[in-house]
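Both complexes shown next keep subunit A, but they swap its partner, so subunit B is in the first and subunit C is in the second.
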Partner chain A sequence: MALTYDPIATTTLGSANSTITFSSIPGTFTDLRLVIVANQTGSNDLPVIRFNGDTGNNYSHTHIGGNGSAGFSGRSSNASGIRFMSNTPFLTGSRPNLTIVDIFSYSATSVFKSVLANANNNDGGSGSIWRSVGLWRNTAAITSVTLNVGIETMTAGSTATLYGILRA
Partner chain B sequence: MPLTGLVTGARGYGMFGASGPSGAYDSIASVVVGTGQTSVTFSNIPQTYVALQIRILAANTFTAGVGIAMRFNGIGSGYTEHSIQGDGSSATAQGSTGASNIFCGFTANATSTFGASIIDIYDYASTTRNKTVRSIGAWDENGSGQIRSFSSLFNNTSAVTSIVIGTGDNINWLHRTLTAGSTFSLYGIRSA
Partner chain C sequence: MPITYIPIASQTLTSSAGSVSFSSIPQTYTDLHLLFTARDASATSKIAFLGVRMNSVTTFYTRVILNSWPGTGVFSSASSTQDAWNTIAYNASDTVANSFGVGELYIPDYTRARAKVASGSSTTEDNTTADGRFYLGAYTQDATAAITSLTVLAQSSFAAGSSFHLYGIKNT
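Up next is the complex of A and B:
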């Protein structure tokens, strides 16, 4: 019998890579939670999450954040992925970014998919906090999730763990 | 663990037991909203956890951005809220005191689109502490949206035994209809 909060898979990068993908996700849970602890090599691209390999302009998001001196808000529409964290600062060494992404009703086939992201980074002298809501305009059940940092890479040792959450 | 006190459109699992073995994070109850509902009630909440979490995927039949609010133990006073909000162009801060509800999330309105909210209620079973609530609620409809992070207080040391949650904010209460299929799920978190 499935647990209420169950780890599905963990990926730890053995070498730098721009993507992490979870595939063949079982459809037996209600929500998914992705916990990411990662460093990036630079800040010249926008980290996004994509579903089922869809690279079309079927995503959007709205975010709020703070960088230690100002609050900010923005959004994207008809985008090729859901922004799930700020692209700055890029963190090195032993100061990883911590991001939690919640994906609601991922296996439902009657709704577009809603996502909440909570990203946090602090490099000692700089940092940011980021909260966003994202939408994938597709009613298909999610069977794969891909994190993509574009032209940058996540460093070796970066980890992502996918959990399933099952409601009563 | 047996479920107790599910109301209004609740659906159980087997003998209304939790969905899996008991652990640090238990599913207590879940409600899928039917047609014409403005709220969901969780009652007779077990007092055996250290915290509660409510996960919501909800829409309303009126317009995007209608809020989600809740009351504890049927009490309509003594709530305080502070929050930060982003609307896609600017970040703002808000607050209220002496409110009749806890404003804690958002609903969406577009076809097939639902807002998402996560609400954490700490020390809900304490009879010596007032109740602190952390929540985040948001909606995005591809060109419009809001995201808001809330910190709230129920200025009452009574243990929380029931929660009514539905459309509302710190002024309005159950003023709009939830879209059928909206889901409200209650979880309990144990300490060691």
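Up next is the complex of A and C:
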């Protein structure tokens, strides 16, 4: 019996690293879910998600969020990755960021790829909360997903799990 | 082949109750996912708020909230001194009859010996202008013990028909 919600792979960093990549993703599911629980070692760069190693300016996003004082919204166009927290890095302390990214119709070859990201960056009562929609302007099936924090690194113990979700 | 998304327990109330508890949570999963549909038995200006406690901890829950109130605006607030993961919205008894709020709370790494985080989404809706609200929450709790129980606390009491479902998610 095919599983509806199937763990494809989990990465837990044994040492600090700037990227977590899931490659050779099977094309047999309908959607993907990426669950990230992570910290950064420094705050001088931002987390992004990229597909199939594409580092070109082929991504965009729109977000709504709150910083504990006010709500806000914004967007970016022609970006080099999907910035699911816009201008905010992962937390650098003991409390991790929790981000859940849903990637829809990832293996379809007739659509640009859309994601919904739910990012929670609460450092003990201060921080931010985000909901973002992202777009990768490419009709290729997604075979790899990369989480990257640029010039910073994700701390040892940061985890990311990729699930495949199969429709009826 | 192991199943990844597994129902742990469900409770559907046949009479009102001030809280619902899930105890002896197996430690064999990676994440927890709590889903609910709820209605409060008291009239509290259309909206009630529930809280979720882990184990017997009653202090130092924190939240960052994003919420919407149609016709009024979008707001954000934060607190570091709560007694539960709260500001999770559901319908009060003065909303349209038979309407229930819905929501979820996702708790990753619940057995891991580190600070706990959670993500919540909740809503109220009854087809009435200005009654629909949306609440999103980013939560933390610095207690490092594994979560073995969850208690869902009503603002007043959960009405009959309110239901709560706890799922375990395995990452292998």
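Observations
The rule is short, and it goes like this: the second predicted complex is superposed on the first by the 158 of 168 C-alpha atoms of A that agree within 3 Å, B and C clash if a C-alpha of one lies under 4 Å from a C-alpha of the other, contacts with A are read in each partner's own complex, and residues count from 1 in each chain.
Here is the rule we go by: a contact is a pair of C-beta atoms (placed from the backbone, for glycine too) under 8 Å apart; a residue touches a chain by one contact, two chains touch by 3 or more.
As the structure is a computational prediction, the values presented were derived from the model and not from experiment.
Overlap between subunit B and subunit C is detected when the two structures are superposed via subunit A.
Touch criterion met: A:N120 reaches subunit C, while subunit B stays clear of it.
In the overlay built on the shared chain, the residue A:T159 is in contact with subunit C alone; subunit B does not reach it.
In the superposition on chain A, A:G134 contacts subunit B only, with no contact to subunit C. In the superposed model, A:L3 makes contact with both subunit B and subunit C. Within the superposed three-chain model, A:V37 lies in touch with subunit C and out of touch with subunit B [touch as defined at top]. By the touch criterion defined above, A:G74 reaches subunit B but does not reach subunit C.
Contacts of A:S60 after superposition: subunit B is touched, whereas subunit C is not reached.
By the touch criterion defined above, A:S94 reaches subunit C but does not reach subunit B. By the touch criterion defined above, A:R167 lies against subunit B but remains apart from subunit C after alignment on the C-alpha atoms of chain A. In the three-chain model built by superposing on chain A, subunit B overlaps with subunit C at stretch 94-102, while the rest of 58-66, 76-84 or 94-102 show no clash.
Overlaid on A, the two complexes show subunit B and subunit C touching the same residues of subunit A, namely 1, 3-6, 64-66, 71, 118, 131. Contact residues of subunit C toward subunit A in the complex are 1, 3-5, 30-31, 62-68, 73-81, 106, 108-109, 114-115, 117-119, 121, 136-140, 142, 169-172. Within the complex formed with subunit A, the subunit B residues making contact are 3, 12-13, 16, 18-21, 23-30, 55, 57, 84-93, 108, 112-116, 118, 136, 138-149, 181, 183, 185-187.
Interface residues of subunit A, counted against subunit B in their complex, comprise 1-6, 30-31, 60-66, 71-75, 77-78, 102, 104-105, 110-112, 114-116, 118, 131-135, 137, 139, 165-168.
Note for the complex: subunit A touches subunit C at residues 1, 3-7, 10, 35, 37, 64-71, 94-98, 100, 118, 120-129, 131, 157, 159, 161, 163.
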